[in-house]
Amino acid sequence: MSVTEILFFFLSALAVFSAVMVLVSKSPVHSVLWLIAVFFAISGHYVLLNAQFLAIVNLIVYAGAIMVLFLFVIMLMNLNAETEPQKHMWMKLAGVISGGCLLIILVSMVRQAVDLPGKTALMKEGNIGLIGNLGKALFSDYVVPFEITSVLFLSAMVGAVVIGKKE
Amino acid sequence: MPIQYYIYLCLTLFTIGIVGVLTRRNAIIVFMCIELMLNAVNLLLVAFSKMHHGAALVKDATSSVGIEGQLFVFFIMVVAAAEVSVGLAIIVMLYRNTHSVDINFLNRLKN
Amino acid sequence: MNAIIVSGLLGVIMMFSGIVLKNRSAITNLAAIGLLLLLIANILGTYGICTISINTHNMLRFEKFGMFFNSIAFAATLLYVLLSGRDLERTGVNTGEYYALIFFVLCGVSILSSFNGLLMLFLGIEILSIPLYILTGADKRNLRSNEASLKYFLMGSFSTGIMLMGITLIYGATGYFDLGHSPVVPSTGEQRATFLEVAGILLLFASMCFKVSAAPFHFWTPDVYDGAPSVFTSFMATVVKASGFIAFVRLFDRHGNELGPGPTWSLLLGFVIIATLLVGNITAVFQQSVKRMLAYSSIAQAGFMLFALYGNNDLAKEGILLYSVAYCLATIGIFAILIRMNDYTFDGFNGLAKTQPVLAITNTVFLLSLAGIPLTAGFFAKYYMLASAVKAGASLWLVIVAVIFAAVSVYYYFRVIQAMYFKDGDPATAPIGTGFKAMLILMAALIILFGIFPSMVLGAFYF
Amino acid sequence: MIPVLLISIPLVTGLVGFFLKEGATARGWALLSSLITLAVAIAGVFFYPRHQLNFDAAWLPDLGSRLTLQMDGMGKMLCLLTAISFPVIFIATYKNNYKNPGSFYALMLLSQAGLTGVFTAGDALLFYFFWELALIPVYFLCSLWGGEKRIAVTFKFFIYTFIGSLLMLTGILYVYFHTPDHSFSMQSFYHTQLEPGKASLAFWLFFLAFAIKMPVFPFHTWQPDTYEQSPTAVTMVLSGIMVKMGVFAVIRWLLPVFPDASTSFADIIIILSVIGMLYASLIAIRQDDIKRLIAYSSIAHIGLMSAAIFTHNATGLEGVMVQMFNHGINVIGLWIVADTIEQQLGTRKFSELGGLAQKAPALAILLVVMALANIALPLTNAFVGEFLMFNGLFQYNLWMAAIAGISVILAAAYTLNMVQKILYGSTTAVTANAGDLRPNVQWILVLLALLVIVLGIYPQPLIDLAKDTVAAVLGK
Amino acid sequence: MNKLALLVPLFPLIGFLVNGLGRKSLSKSAISVIGCGAILASFAISVMLFFDVKTNGGTVTTLFSFISADSFQVPFAFQIDQLSVIFLLIITGIGFLIHLYSSAYMHEEEPQHFGRYFAYLNLFVFSMLLLVMGANYVIMFIGWEGVGLCSYLLIGFWFKNDNYNYAAKKAFVMNRIGDLGFLLAVFWLLFKLGSASYSDVFANVSNLSSGDITAITILLFVGAMGKSAQIPLYTWLPDAMAGPTPVSALIHAATMVTAGIYMIARSNILYTMAPATQTLVAIVGLATAIFAATIALKQNDIKKVLAYSTVSQLGYMFLGLGVGAYTGAVFHVMTHAFFKALLFLGAGSVIHAMHHEQDIRRMGGLRRYMPITHITFLLACLAIAGIPPFSGFFSKDEILTAAYTQNPLYYYIGVAGALMTAFYMFRLYALTFLGGFRGTHEQEHHLHESPWQMTLPLIVLAVLSTLGGFLGIPEVFAADAHSLDHFLQPIFAESTRLAEHQHLGTSQEWLMMGGTTLAIVIVILLAVRRYRNYRAAETENTGVSKLLEHKWYVDELYDALIVNPLNALAGFFKNIVEKSGIDGLVNGAGRLVGYGSRQLRLLQSGQVGNYILVMVLAMVVFILIWFNDQNIMRFISKIF
C-alpha cells in the first residue's frame, strides 16, 4: 500500500466520519466545525489529485468564507443544541432508509457499469490542476460563462440588499 | 486510484448530505448539508477530470483534456458562494420575523 | 447574444434607477421601455441585424427556436409589466431592484434558450433561480412570503445539487459537458454500456422536472406560488416556467443524434406526465383559493407541456412555443385580475360579471384558453402537444388519460366562471383603470386570434 | 357560398346582439336574423345549384386543415331544420322575458352558427371546432337562464360532453396521422386504412363523443336534468337540433371512416340502443314532469336512430335522416306546449295538472297532434322515419326489431298518459283559471302541426334528400 | 270509375275538417247535416263502385309514391275489388245510419263537443275506408292505426271522466301490441319481397318459404288479435264501452273490430298456404268465442253483454277464417254488422230513455214504452241467436258447417257457444223488455220512445238483419244461390283452388241445422222463462257465477302478471337504476375526483422534509423503472 493510498483512505475515512458527525451533532456550531473538517479532507483529496488551485480555493472559499458566514449567522441567532427539537423518529428513519436506497441503487449502477473497471484517476501527475493552465482556459474558452457569472453575483448582491435592507 | 473508489466516496458523501437534508430541522444545518452535497460533486468532478486526463495523456502528452471538469468545479464554487449569501439572507429574514429557523414550523402553506 | 447582454445591462440600469428616479411609476415606465428595447434587440438579433457577436467557444448556440422564444418571453414580460406594473410598485420599496431582478431572470431565460452545454445550462438555471428566491420573499413582513422563499430556496438548492451530481456522472461517462458530444439523449434500455451516464441523465432529468414542477418534484410549486407576492407569482408561473420547458426541450432534443427516444424513455416520461396531470388536476379541484388553484393548474399545464418532450419532433417544438404564448397570455391576464381582487377565494369572484363586465369577460377568455376550449389559443396549444405525441407514436392510452384530465381541468377553471356569472355577490376590487381594461381586452383578443389562426405565431417562427 | 352565409349571418348578428340592451330590440334582431337565415337556407336547399353549396378556403395550411364547408342531402336537411327551428323557437318564446335579453339572444344565435357549422363542416378539425362552438353558448344559456339547480346540472352536462369531445379529438388526431396525405379533409378520412386493433380504439373514441351527445344508453343521464333545468328555448335547441349532432356525426364521421369497426361493433351498439329505448320508455311511464317525460321519450327515439344507423342498411339510414328532421319538428312542438303550460300555470307536474282540454281547446288539439307524432302514428311525419328505421333494423335482426318494437307500445302508453294527465279529467286548482294559447304560440304550433301532417303524408322529398348521403356513406 | 274511388274517403275527410275546424261556429244541425251527408255521399259512391266492380272487376288506383326508399316502394294506392267494396258498403252504409242516429243521441252535448264528436266519427270512417281501400299493407296499416286513434278519441270522448280515459288508453295500447305484430309482418314482406302491395305479394307467394309464410301470417294474426279483440288481447273491447253508444255500435261492433277479419280475408292466400297458422286462428277464434260467451252470461251492464257478445262473434269469424271459410267469415261480418249495430243502437235507445242507466237489473218491461226499439231488438236477438231465417243463422251456419268438415270438435264447441249466445241474448232481452219495470219512479216517468233519427236506423237495420241472410243461401237450400260467394269468388279463388274442400252430405247438413236450431229454441225459452220476472237477488254470486261475473278475473290477472311488474320495473329503473346506478356512476366519477383531491392535498403537507423525501424516492423509482422497463411494458400491455 503506497503512501498515496494510505492518504486516500485516511482522508476518505475522515471525510465520511466528519460528514456523519455533521449530521449527528446536536449543536449547530459543532456541525459547522465538522463540516469544515470535511472540507479540509476534501481539499486533501484535491491535493492528492494534483488539483492545487481547487484545493486552495476550496479552503479559502468554503472553509474560510462560507463557513465563517454560517458561524456568524449561528452566533447571531444564538442557536444552541436545545433550540432544535428533534424530528420524529420515523421521519429520521425514513430519511436514512430512502437515502440508503438511493446510495445502494447508485452504487449498484456503478458496479454494473462495464466500462469503468480499469479506469483510474491520475494521482499526483498531470498539470491541468495548476493555476496557470486553469487560468488560461478560464479566460479564453470559458470567458463567456465567466462573464455571465457576474450577472449571477449581481443578482445575488441585489437580492441580499433587497432582503437585508430595512424598510 | 481506481475511479470507483472516488465514486463510492463521493456518492457516500452525497448521500450523507441528502440524509442530512431529510433528517435535520434546523434550516442552517439543512443548508450546510446541501453544501456538503455540492462538495461531494466537486470532488467527483475533479476525480473524473483526472481520469479523463489520464486517459488522454496516454495518447497525447500535452493534452489538456479534463481541464473543463476542474473549471466546472470553479463555477460551482462561485455559484455556491452566491447562493450562500442569498440563502443566509433569507434565513436571517425569516429568523427576524419568527425567531426560529425550524423548517418544521414552515407549514402555513400547505394542502 | 443581444438578449443576454442587453438584459444584463438593463438589469444594472434598473438597479440604479431607484437612486435616480424617486417616482415609482417612472421606474415602471423605464422598465417597460427597457423591455421594449430588449424585445427589439432580440428580434433584430433573430434576423441577424445589429447583432453583437462574441466568440462563445461553442458555449452558446443561437437558433431560431430559442431566439423566438426569447421574443415571446420578453413580450410576455412587457405585457406583464404594463398590466401589473402598478401592483408591483405596491409590493415594497425596492421597485428598481425588483425590476433589476426581473431583468436578471430574463438574462437567465436568454441563456437557457441558447445554452449549448451543461455548464451554461447550470449557470442559466442558477441565474434564473436566485433572483426568484428573492422575489418570492419580497414581501418581507409577510410570513407566508418568507416561508415560501425559504422553502423555494432550500428545495431549489437541493435540486441544484441533484443536477450537479447528474452532470458529473455524465461527465464521468463521456468526458464532455456539451451536447454536441455527449449523447445526452437517453439511450434505449438495451444499450446499458454506460450505466454511469444513465444514472446521470436520470438525475439531470429529475432536477429538470423539479424546475418545471413535474410530479413528483412539484411540491414546491403550490406553496411557493401561493406564498409569493401575487405579482411575482404571475411572472414565475409564466415566463420562468415556460423558459424551464424550453431548456428541458432543448436539453433532451434529438439534436441530429441517431438515438431516438426509446421505449424506456417514453415509459418514464409517460409516468411523469400522468403523475403530473393527476396531481395538478385532481388537487386543484378542491382548492378554495383561486391563487392556489392556479398554482396547481400550472402543474397541470406542465403535464401537458411535457408532451413536447414526449413527442420530441417538429410539432412538439412548434407546440411548446404556441403553448408558451397561450399559457403566458392567459395566466398573466388572470393574475392581473386576481391581484386586483380583494378576496382570493372563489367566492370572492361572485358576481364579478355585474360589477366589472370587462374583467369578467376577459377573465372568461383566459380561463377558457387555459381549459383548452377551441377558438382560444389554449386549444391549439394542447392540440399541438397531443398531436406531437400521437405523431411520435405514443400509446393512445396516454393521450386519452391526458384528455380526461383536461376535462377535469374544466371543472376548476369553470368554477371561476360560474362564480363570476352565475352567482350573486358584490366583489370588492382595487380601482381599475381604462388602460388596464384595454390591455386585458387586447390580450383576450390576442388569445382568440391565435385560437383561430395559430399559424400567425408559428409562421413567425418559420420565417 | 350558401353554407358560409348560413354560418356567418347568425355569427355576426349574434356578436352584435351582445350589445343590445332592450328586450324588444334584441328579440326583433334575433328574429330578423333567424328569418334571413331561413330564407337563405330555403334558397340554398331548393334553388341553388350544387356548386354553390360548397365552400373551400385555406385555413391552417401547415396543419392540413382547410375551411371546407359542404352541404349534401343530410347537410341540407339538417341546415334546413336548424334554420326553421330558430325562428320557430324565437316566435314561440317571444313573450318570455329574460334578464339580459341581448346576451340571451346573442348566445342563441351563436349556437345556431355552431350547429350549422357542424352540419356543413367537411374537415374534421373544423367539425370539432363547430362542435364545441355549439356547446359553449348552450352551456352559458343553461347556466344563466335555467332553473334552480341549473349550475350543477349544466356543469355536469358540459363536462360530460366535453370529455366526449376531447376523446373524439384524440380519435381525430389519430386518424389524421394515418391519412395518406396528412389532411383533415373528409375525403382523406374516408380513404384512410387503419389497422384493425387501432381502428376499434379510435372508433370508440369517436363513438363515445357521439353517444354522449345523442345520448345513447347508458350515457344519457345528463340529459333529463339538463332538459329540465334549461330555459325551454334552449331545451328546444338541445333536443330539437343538438342531439341530432350526435346522430349526424355518426353517419358522417363514424360509419365511413371506420367501416370495419362499425360493422364489428354494430351488435353491441344496437343492443345498447335497444336496451336504452326500452329503459327510457319505461322510465318515461313513471315520470311526473312534462319536461322529464319528453326528455326520456327523446332518449328512446334517439335510441332507435342509433340502432338503425348501425344496421348499415340503406333503408334504415334513410329513415334515420328523415327522422332527424321530423323528430326535430315534433320535439320542438312538444317543448313549446310544455313551455306554454309552465309559463302559464307555473308547474310542470302532471299531478297538479288536468282538465286543460276544457280550458284550452286549441292547446289540447295541438298537443294531441304533437303527441301522436311522438308515438309515430301513421300519416304523421314520425311514422315514415320510424317505419324505415324499423325496417332497417328488421333486416339486420328480426329479434332486435321485435324487442325495439316494444318501445312503440310503451311510447303510446307514456305519451297518452301525458295527454290524459294534462288535458283530460277535471280541472285542478292550478288549471282552473287557465287560458288558451297566445296567438304567436298558437300559430307556430299550427305551422308545426301542418308540417307534421304534410311530411307524414308526403315524405318523399325528405327521403330523396337523404339518398345521396346514404349512397356516399355506404358506398365506400 | 277509378277517380270515383278517391271520393269515397274524401267526403268523410272533408266532413272531419269542416266539423273539426268549424265546431265552434257551426250550429248543431249544420254539423249533423255535414257529418251525415259526407257519409251518405260516400255510401252513394260506394254503391256505384259496387256495381262497377260487379261488372268490371277490381281496379288499383295509385295516387302518389308514399315511400320510395332504397329497397322498396310503397305507393299510396287504393284497390277497389269485390272484398273491399263489400266492406265499403258496410262501412258507409251502417256508418251513415249510425251518424244519423248519433245526431239525435248526442243532441244534449254542447255544440262544440257535438262538432268534435262528428269530426271524430268522420275521421273514423275516413280511416276505416283507408284500411279497406288500401292497395298494400302499409296503407292498410295507416288506416289500421287511424281507426285505433279514432277509437281512442271516441272512447275517451267524455274526457272529464278519468275511467273513460283509462279505457281509451287501454284500447289504444292493447291495439298497439297487435299493431307491432302487423308491422313486423309488413317488414318481413318488404324484406323478402320488396313490396307490400297485395298484387305483388300474392303473385309472388311462391318466393316465400313456408317458414316465412307461417311467421308472416302469425304476425298478421297478432295484429288481428289486437284489433279484433281476440284472446289474449280482447280486454280492451268491453272497457271500450265507455264511449257513446253509437260509437260502440259503429266501431266496436260493426266496423273496426272486423278489420282483423278483413285483413286475413284479404291475405287468404297466405293463410291458406300456412295450415299451422290456420289451425292457430281457428283455435284462438273458437276459444274466444266460448270464453267471451261464458262471460257474457253473467254481465249486467247492457253494453258489456253486447261487448262480450261481439268478442264472441268475432271469435266465430276467426273460426271461419281458420277453417278456410273466408266467404263465411265475410258473410258473418256483414250480418253481424247488421244485427250487432242494431243491438247496440237499440241498447243506446234504451239507455237514452233510461237517462244513462245501463244496468239491466234496473230495467224491465220496456216493451210497453218503447215498441219500435223492442221489436227491432227482438229481431236482432233472433238473428244473433241463429234462428232461421234471420241473417245470423245463415252466416253462422256456414262457418259451423265449414268447421265440421275440418274437425267435428270445432263444430260441437261452436254450437255450445251458439247456445250460450242464445241464452245470454235472451237473458238480456228478457231482463230489459219483459216483466215489470224495476227502475226508479222518476226514470219510469221519463221513459219514452226515441225520435225518428234513432228509430229509423233501427228499422232499417232490423230489416237488414232479418233479410240479410238471403245473400248467402247455403247449397243445401238452393243450388248456386249463394250470391255473396259468387261475388267474392275472384278474391278467394286461389285459396279455394289450393284447399281441398270436403262437402257434407245433404242429409247430414239438414240434420245438423235442425238439431242446432231446436236446441237454440229450447235455450231461448229457458232463458226467457227464467228471467222474465227477474227479482234482484240479495245473495252474492258464488263459484263459477262469481268467476263469470268478474270476467274470469282476466283483467286482474293481466294487472298482476304484466302491468304491475312492468310498473314496478319502471319504478325500479327510475328510482334505483337511473339515480343510484347509472347516474350514480357518473356522479361517482365526479365524487371520486373530489375524494382524490382531498386525499392528494394531504400529500402537500407543507413540510420541506417530506417533499424532499418524495423527491428522493422518486429518483429511486426512476432508476428502478429504467431497469425494469421491459417487465413494466409487458405488464402494461397485459392491462390494455
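Here the chain labels run A, B, C, D and E in written order, and each chain numbers its own residues starting at 1.
Going forward, contacts are C-beta pairs under 8 Å (C-beta built on N, C-alpha and C of every residue); 3 or more make two chains touch, one makes a residue touch a chain.
Everything numeric in this text was worked out from a predicted model, so none of it was measured.
Traced through touching neighbours, the fewest hops from chain A to chain D number 2. Common partners of chain A and chain C, by the touch rule above, are B, E. By number of C-beta pairs in contact, the leading pair of chains is A-B. Of all chains, the one whose Cα centroid sits at the greatest distance from that of chain D is A. On a Cα centroid basis, the chain most remote from chain C in this structure is E.
Distance from each chain's C-alpha mean to the overall C-alpha mean is smallest for D.
Note on chain placement: the centre of chain A and the centre of chain E lie 101 Å apart, centres being C-alpha means.
Measuring from the averaged C-alpha position of chain A to that of chain B gives a distance of 5 Å.
Averaged C-alpha coordinates put the centre of chain B at 27 Å from the centre of chain C. We define each chain's centre as the mean of its Cα atoms; on that basis chain B and chain E are separated by 96 Å.
In chain D, the positions touching at least two other chains are 159. Multi-chain contact residues of chain B, defined as those touching 2 or more other chains: 3, 7, 17-18, 21-23, 25, 30-31, 48-49, 51, 55, 65-66, 68, 71, 75, 79, 82-83, 86, 90-91, 93, 103-104, 106, 108-110.
The set of chain A residues touching two or more other chains comprises 87, 91, 94-95, 98-99, 102, 106, 109-110, 116, 142, 145, 149, 152, 155-156, 159, 163. Screening every pair of chains for touch gives A-B, A-C, A-E, B-C, B-E, C-D, C-E, D-E.
Residues of chain C touching chain E in their complex: 151, 154-155, 158-159, 162, 189, 198-199, 202-203, 205-206, 210, 216-217, 219-220, 222-223, 263-264, 267-268, 271, 278-279, 282-286, 395, 397, 408, 411.
By the touch rule above, chain D contacts chain C in their complex via residues 60-63, 128-129, 132-133, 136, 140, 143-144, 150-151, 155, 158-159, 162-163, 166-167, 169-170, 173-174, 176-177, 198, 201-202, 205. Put simply, chain B touches chain C in their complex at residues 3, 7, 14, 17, 21, 27, 30-31, 34, 37-38, 40-41, 44-45, 48-49, 51-52, 55, 65-66, 68-69, 71-72, 75-76, 79, 82-83, 86-87, 90-91, 93-94, 97-98, 103, 106, 108-110. Considering their complex, residues 4, 8, 11-12, 15, 54, 56-57, 59-60, 92-94, 97-98, 100-101, 104, 107, 111, 119-120, 123, 126-127, 130-131, 133-134, 137-138, 140-141, 173, 192-196, 198-199 of chain C touch chain A. Residues of chain E that touch chain B in their complex: 601-602, 604-609, 612-613, 616.
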